[in-house]
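Have a look at this one.
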Amino acid sequence: MNQHFSKNRVEAFSDGIFAIIITLLVLEIKVPHIHEYNSTSELTKALISLLPKLIGWMISFFTVAVIWVNHHRIFGQFKHLDNGIFWWNALLLMWTSFIPFPTAVLGDYPNNLTSIILYGLVMSFMALSFTLMHKYALRNKNLLYDEIDLISFRKGTTYSFIFGPLMYLSGVFLGFIHPYLAFAVFLAIPVYFIFSENTK
Amino acid sequence: MNQHFSKNRVEAFSDGIFAIIITLLVLEIKVPHIHEYNSTSELTKALISLLPKLIGWMISFFTVAVIWVNHHRIFGQFKHLDNGIFWWNALLLMWTSFIPFPTAVLGDYPNNLTSIILYGLVMSFMALSFTLMHKYALRNKNLLYDEIDLISFRKGTTYSFIFGPLMYLSGVFLGFIHPYLAFAVFLAIPVYFIFSENTK
Amino acid sequence: MNQHFSKNRVEAFSDGIFAIIITLLVLEIKVPHIHEYNSTSELTKALISLLPKLIGWMISFFTVAVIWVNHHRIFGQFKHLDNGIFWWNALLLMWTSFIPFPTAVLGDYPNNLTSIILYGLVMSFMALSFTLMHKYALRNKNLLYDEIDLISFRKGTTYSFIFGPLMYLSGVFLGFIHPYLAFAVFLAIPVYFIFSENTK
Amino acid sequence: MNQHFSKNRVEAFSDGIFAIIITLLVLEIKVPHIHEYNSTSELTKALISLLPKLIGWMISFFTVAVIWVNHHRIFGQFKHLDNGIFWWNALLLMWTSFIPFPTAVLGDYPNNLTSIILYGLVMSFMALSFTLMHKYALRNKNLLYDEIDLISFRKGTTYSFIFGPLMYLSGVFLGFIHPYLAFAVFLAIPVYFIFSENTK
């Protein structure tokens, strides 16, 4: 039997999941209920009170976009996909598809340390799946394109992928001091990734 | 590391997002509750009262379809995708994936100026993302196919893409006079794009 | 500017929409609420009372699958896609993405003639979009592959595509006699298409 | 008319459906409502009480991933797709797209034998669709790639595909003794598939 996976189909399946998650995030933002239907000031006030949810949605949107970029980058170096890569990828997709839940919990309970810990832990597990997929690829070099520079590929692990889980955990720890510090870190992580990629 | 993005995957990811948004829009239209289950006149009346929501849904449907066409047109001229294009595209996708929210707000509060302003602003930001992506491509001509006529490409900016945000803002301003004027403009914009493309 | 559309992207966009619609249909079937959590007889009874909704879901599932097959068949004969085909296709997608709404109305009010008329009309408009797309292709033969037998292609119009709207309208008229007659026709149409294709 | 289906489009359509189902599963997990917004202990307790739902979600996630792998494996051996394969595939997709419903019922009524029977039956029907698709391919060998070893392909039927429905039915029967035995089997099936594939 064919041991390899069709890279096209695994990418299409993963892209579908990423696209759905990034789009579902907005469904958590519900139309506010106001009493005077035509009152502009009441509707404006109601919309402004949604601002924390909107910011949470933007953070999660760009976080999923960064996950997509990392996924695209690591898959761009695979010549073949075997069962191991497929199931590490499935683990990554599982944690990623879970993101709408901690995002919604954080949106409803932004000042509750438990929701900050939940968000940070889910993101750490997601980031850890990347690290494990990357480590697996390093132990199965026949999966990679021949021309890939293994030293810089290994460095990529140390910097980007171990960095990821650690950053999210540091956000959780700062949340013990003040919730806003955790928010700042959760926002800074995708922003850092976006700009570090743009200047490379 | 590979600096370029796989155009296929970015397009597949974007198409997935567009397809989901355009389909989610219909979920805002809820089955009406009537008291006499078998009364055809009561159900007919309830369905007719949904007409403003249905029109709003049709407008947003064709607006997203026009966004898809513009996306298809601009991406058709890219030979390569770099980080810049990717993140301007992510910004465009963010505003586009937000469209179900202002559409739902407008559907619930059609006579409220705040919901008209919200809808017009989100659409302007979406249209502005196109302008910025287009401007970025003009400053990075190596991303475009060699045979592209840069003068007509630059003209495309001036006409279609600066035009877009301005049209939505003019709809907002007309909304100050009467909500229906804003609706007329929001409907006219995709209709204009559909027919201007068909006669070209 | 490039007048033609990338067939791959239009198909991917359409397939995404079809896949989402066919999957969203199941969301209309809600978990029943029972009072005694561990009573198997109460849960069994509650599930059995969902049977009409389940049958409605199956009908709509196979109806969308048949739409996909017809879409696949007609697109398989296009060499190029122009603006006309794109917008007739957008109209088809609009009616198709609307299907979850009349399906839900019919599931909630199965004995109400209004919901039968709504379902039949939406399906007729959907089927009519196919007819119009097909007629447009016949007037723009340069869009079709050269080897296509135009006589059998035109016949295809007369039989499958004019047939479609008429069948749905006949279901509506039979609904005036008894709702179950309309259901039988709405079920018979996709079944007929499935088996007529299998025996060709 | 073209009797064959475009394998690319059928796969893209199927992948879209699989991606949506696997992502929708998480929507069943609702943000808990607590009374003291900032109480970490209350939110922690509420999240812990969601654990059975989370485990159910993980089981269904990996079950759909295993379905995807089996779909990928069987489609990898098809040279052509005809009407028969398409409609057996549609039947498989129908049962698969139904999975969120029995998963939600099982999550709400985990100790109710009826929900265990429902889950097991839906999974058996899903697995049976694979068996029937496989049997159809064996009777239409011209659909398979020439180099496929038919004896091992037939063996594949006996072991994996007849095995599937039987395993789910055995889970249902064990549920009559104790619900947890059924859960153990429903969890063991995807786990078995994942590791049996990894060691092959």
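Chains: A, B, C and D, in written order; residue numbering restarts at 1 for each.
In this text, a contact is a pair of C-beta atoms (placed from the backbone, for glycine too) under 8 Å apart; a residue touches a chain by one contact, two chains touch by 3 or more.
These numbers come from a predicted model, not from an experiment.
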Report same or different for the chain C and chain D interface, where same means the shared residue numbers exceed half of all residue numbers found there.
-> different
A CA-based fit of chain A to chain B gives a rotation angle in degrees, as a multiple of 5, equal to 90
State, to the nearest whole Å, the distance from the C-alpha centre of chain B to the C-alpha centre of chain C.
-> 25
How far is the middle of chain A from the middle of chain C, if each middle is the mean of its Cα atoms, in Å?
-> 36
In chain B, the residues touching two or more other chains are 12, 16, 19-20, 24
Residues on chain B engaged by chain C in the complex (per definition of touch) | 11-12, 15-16, 18-20, 22-27, 29, 31-32, 34, 37-40, 43-44, 47, 58, 61-62, 65, 68-69, 72-73, 76-77, 152, 156, 194, 197-198, 200
Show which residues of chain C lie in contact with chain B when the two form their complex.
-> 1-3, 5-6, 9, 12-13, 16-17, 19-21, 24, 83-84, 86-87, 90, 93-94, 97-98, 100-101, 104-105, 108-109, 111-115, 118
